[in-house]
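Below are two complexes that have chain A in common, paired first with chain B and then with chain C.
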Partner chain A sequence: MDLLGLADNLISGVLLGGILALAALGLSIALGVMRLVNLAHGEILVGGAYLGFYLLSITGLDPLLALPLIGLLMALLVYPLHRLLLAPLGAQGPEAPMMTMFGVSIILQNAMLLLFSADTRSIDRPYAATPLQIGALSVPLIYALGFAISVVLIIAVHLLITRTRFGREMRASAADPRAAAAHGVNVRGIHALSFALGAGCAAMGGTLIGIAFSFSPSSGASYLLSGFAIVVLGGLGNIFATLVAGVALGLLQSLGGALFGDGYRELVGLLLFLLVLAVRPQGLLAGRGA
Partner chain B sequence: MLRMPMPRKPGRIGAGCPSAWIVAASLACSGLATAAEPEVLIGASIPLSGSLASFGSYEQWGYNTAVNDLNTAGGLMIAGQMHKVRLIVLDDKTDPSVTQSNTETLISREKVVAMLGSCTPALVNAGALVAERHKIPMVTPCDPLMAFKSVRPWKYVWDIFFEESELGSAPFRMLSDLGIQTNHRALVLHDNGPDGQVVGGQIWPEVAAKNQIQIVQNSAFPVDNSQFTSVIGAGKSNGADLVLVDAITPAAIAIRKQLAAAGYRPKLLVMEKGAEPQQFAQALGALADGVLVGGYWDPSFPYPGAAQLAKRFESETHQSSSQHIADTLTAAQVLFDAIAAAGSTDPEPINAALARTNKIYVTGPVKFDAQHASALPIVLMQWQKGRALVVWPKNRANGTLLFPLP
Partner chain C sequence: MGPASISAAASAPPRAPPGFALSLALLIAFAALALLSGWAGDYVLELGFRLLVLMTLAEAWNLLAGYGGLVSLGTASFVGLGAYALVGAMNRGVPLALAWAAAGIAAALLALLVSRAVFRLRGLYFTVGTLALAEALRLFMVNYQPFGGAIGLFLSPDAPSLRGLFLLALGLFAVATLLMQLATDSRYSILLRAVRDDEDAAAQIGVRPFRIKLLAFVVASLLMGLAGALQGLKLGAVEPYGMFGLQWTVNVLAIVVIGGQGQRLAALIGALFVVSLGEVLAAYPALHLAITGVILILVIRFAPQGLAGWVVLLWRRLHHGSQR
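Moving on, here comes the complex of A and B:
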């Protein structure tokens, strides 16, 4: 591969990393605020891709324009899940909610199989197959669009957490739920809204992935894995660190692909995941602000 | 081995997952025998979920159709009495270890008298080894013959599909036959599954070398890979006119999108395996136009029931037909013919009857060689406006090659 090709490849990796960061944001919020290992995150993400797919095919609404609606719909869909399933397990330690979400993951995957069939789908938009020329460089337009949208959404979530009352209560609930409750914070409600917010972000990320790639009811597992790698790399509850970690993962995966072949992309991500877990388990960027 | 129908315990098969519903549906479709009628149990473990589910849905239809047709005609004559056939279908979730455990369950617990195969070498061979160990006959489609033969000398397993060498050489033979000019540079992408390694890792490089075509890069990747920007970048910077891909459908869709998004437009794009099912064209829309894929059956072929089979599938499912309905139907019919010829449900007579198979089915003539393989001739199909047309060889073509790739 020549230098120009390598540059295309690395920039594509950075842009794709932004999309992966948005997809992982929900996992980070659930872990950071609720200490919940959301094993159904991948299925929620794939659910977002299906929402985008069917909104387009039924209403003709472009999935990029429909992203806020998709996020909202997914948030509304999962909100009762928290109230009915996770909230009652609040006092049972971290294992019970994690295993519950494992069960939810299987149920959601099977529900999607029954509802949508096992067929592989992809959201067919012209911009998903269009190159973006920047001088001599060429990157997929959908990666650039997805990156821009992801950065905007991640900044919006950051502002929500740092500049609003909801965000303050969310941070207080994450730091010390009992103290927050003693000060009048509705911790259970905040957790439910945080869960819904995370699911909304995952759904929007899933829609972007559905446009750029393909998906089926069983696609969620691989995105759950890359989501964990990003969260571990960035550290819990740090919104910007999730973006930086996503970009770093995308870049390193691309570098791995360029050096060793595309088949080694995932391996690079997983090795990085294990390395960070071993050397700095709190995450490379942990403790550097929200 | 023969069984009188007994009330089934609820949730006995695939309880707690949608496959239970699928199985229930397939049992209903396959025409449950009425009380007191003896029945012959046949098992099949096929991918109804996971990345190969698109193939599994066609297989399920093909197998069920063969069973329904047989039962409607009265069933199988065994020991002077007509027997209905009951097919037990389990979902292998596109996981060879599940295929193995399903096959074990079907043979050991359900006591099936014979098995029908799954799809792709990884799944088929996994189940075939279990059937072989139990000395239970299995007839399978959808397992390329070189990958099938390389596993072991088979005694109880029989395969009806194409030879990888035929498939791998087809694009090169088409270029030669049709006098198509390219810059003699090719990019190869293939998954590291058994058939991907054989076609992409061995056959394409060998045939390309014989045809003075330089492979600018040959990239292997895990079956579930979704990002291919590095190898696509290499192909683009080398200006390869030919792109040869062997990958499952999700990867093939991702590759096609990423080729276009990288602004790389090769003149000829072959996507084996992944471009076969209708959902490939549905997912890609106009981007599927011009993509070539090897095939072995089309409703236009001059075999008994070919045109009717496709119409029947389309009227029942409201989907476009696939060649997989034909090879699965054929595999089931070959097995039923062998059981009828054996006049027994014992494995040895059925196996001996399978060895004697020599008949024209909907996919063409079936006659097994010494290695238990019956080869289907290869054609090249091309997606054009949502339809897969046969474009090579000329004597089989029902469409004209779209060249270069739009």
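Moving on, here comes the complex of A and C:
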């Protein structure tokens, strides 16, 4: 491969990594705030892609413009899930909610299979195929757009968590749920809202991924795992570390694809994930503090 | 007595005989069926083979999750590796018995190899780590041409007849039952439960959590490798999407959770339930899986001890009733 092609490839990887970071944010929030391993995260993300797909085909609304709407819709859809399925499990330890979400993931995947068929789809937009020329370099325009949107959304979530009352209560619930409750924080309500926030981010990331790539009801697992790779790489509790980890993963995937062939792209991310777990499980980028 | 030992005692399965006596009775019933299998039709043998393989996998998974608190989503890695190892070895002229043993050992070695990564962080990371392992192995097998890539491998020597396969599966399940009996009715079972309920407290009183967990992981993986090898032998061909598919993981998890985690009867009751459900809904695979998901959620919420928990409760009530 020529050097210019490799440079294109790596820049694409970086841009894609930003989108993956947005998609992983929900996983990180669920794990950080309520110690929930959300095994249905991948299906929520794919659900977001389908929302974008059908919103476009039914109303003609451009999925990039409708992104906030898609996030809001998904947040509203999953909010009752927390109230009905997760909140009542409160006292059962961390495995019960995780396995419940595994059940939800099986249900969602097969419900999508029944509703939308196993066909592979993609959200067809003109900017999906247009290349963006920067000097001699050329990357898909959607990667650049997706990256920019993802970074804006990640910063917005960061501001929400650091600057608002909701964010303060969310951080308090994460650090010490009992102390937070004693100070009048409605921990259960905060958990439900955080869960919905995470799902909204996943759905928006899913829509971006759905424009850039094709997807099917069974695509979820691979995004769940790349999400976990990012969360483990970046550690919990720092949103910008998540962004950096996403970019790093995107870069490494592109590098792996360029070196060993496209089939190995995802494998590189998974091996990295297992390696980081073995060597430095608290996250490569996380500081000493919690 | 610390809180750990109290909770361990509280969550221990009853020492009363239903578990052992019933699994023994079941084994005898199966042996009888095997002897009678001269009359049993192919359908019965097929179903029996599937049930036995799934029950072996469920016993192994129950040792991990039910008794050890190690919820694995990596069942498919060990099933797939076992199947590939057996087919690969037999294609190179290794006799069946040796190839089968090698398949089990390969799976146990894989467990040993990844244990450092998956045990490093506790609890939930084990789950995610094993899921990543299964996905990584599947992707590797799809892409790596020397192992047949996406097409997989064909078994060149002849596989045993269906009856032979059924007998092999029966033998494997007997071994699994015996191993589970050893693991759940011994000093080791107490150590394993202590580590599950409170790793720190267990470590404080001199238990080495890593070794205790590792032994469970290696034994379970060995059984999964052996079961996967049998499945590969029966199919006569292995390909990555099927042998490393998430389907194995979902089925086995569903069997044990519905049967009752940490209950000796979980594999039997859960497998009967899940396999019957599968037979009834055989024409609607997506609906079958979705319904399995719904049942999983309901069981976790309303019957954490699973169907076996109900059976044990019922048995106790009847027992007490007859004494009065």
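Just so it is clear, the second predicted complex is superposed on the first by the 286 of 290 C-alpha atoms of A that agree within 3 Å, B and C clash if a C-alpha of one lies under 4 Å from a C-alpha of the other, contacts with A are read in each partner's own complex, and residues count from 1 in each chain.
FYI, a contact is a pair of C-beta atoms (placed from the backbone, for glycine too) under 8 Å apart; a residue touches a chain by one contact, two chains touch by 3 or more.
No experiment lies behind these values; they were computed from the predicted model shown.
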| item | value |
| --- | --- |
| Which superposed partner A:G261 touches (first chain B, second chain C, both, neither) | both |
| First, second, both or neither for A:T100, with chain B first and chain C second | second |
| First, second, both or neither for A:N110, with chain B first and chain C second | both |
| First, second, both or neither for A:L89, with chain B first and chain C second | second |
| Which of chain B and chain C A:S222 touches, first, second, both or neither | both |
| Touched partner set for A:L271, first chain B, second chain C, both or neither | second |
| Intersection of the chain A residues that touch chain B with those that touch chain C | 106, 110, 113-114, 222, 261, 263, 266 |
| Residues of chain C defined as touching chain A within the complex | 69, 71, 73, 114, 116-118, 120-121, 123-125, 127-129, 131-133, 135-136, 139-140, 142-143, 246, 250, 253, 257, 286-287, 289-290, 292-294, 296-297, 300-301, 304 |
| In the complex with chain A, residue positions of chain B that touch it | 17-18, 21, 48-51, 53-54, 56-57, 93-94, 189, 192, 219-222, 224-231, 233-234, 236-237, 249-250, 253-254, 257-258, 260-263, 279-280, 282-285, 287 |
| Contacting residues of chain A [partner chain B, same complex] | 1-2, 4-6, 8-9, 12-13, 16, 106, 110, 113-114, 117-122, 124, 128-131, 133, 138, 140-143, 212-219, 222, 253-254, 257-258, 261-263, 265-266 |
| Residue numbers on chain A that touch chain C, as the complex places them | 31, 35, 37, 39, 85, 88-89, 92, 94-96, 98-100, 102-107, 109-111, 113-114, 221-222, 224-225, 228-229, 232, 261, 263-264, 266-267, 270-271, 273-275, 277-278, 281-282 |
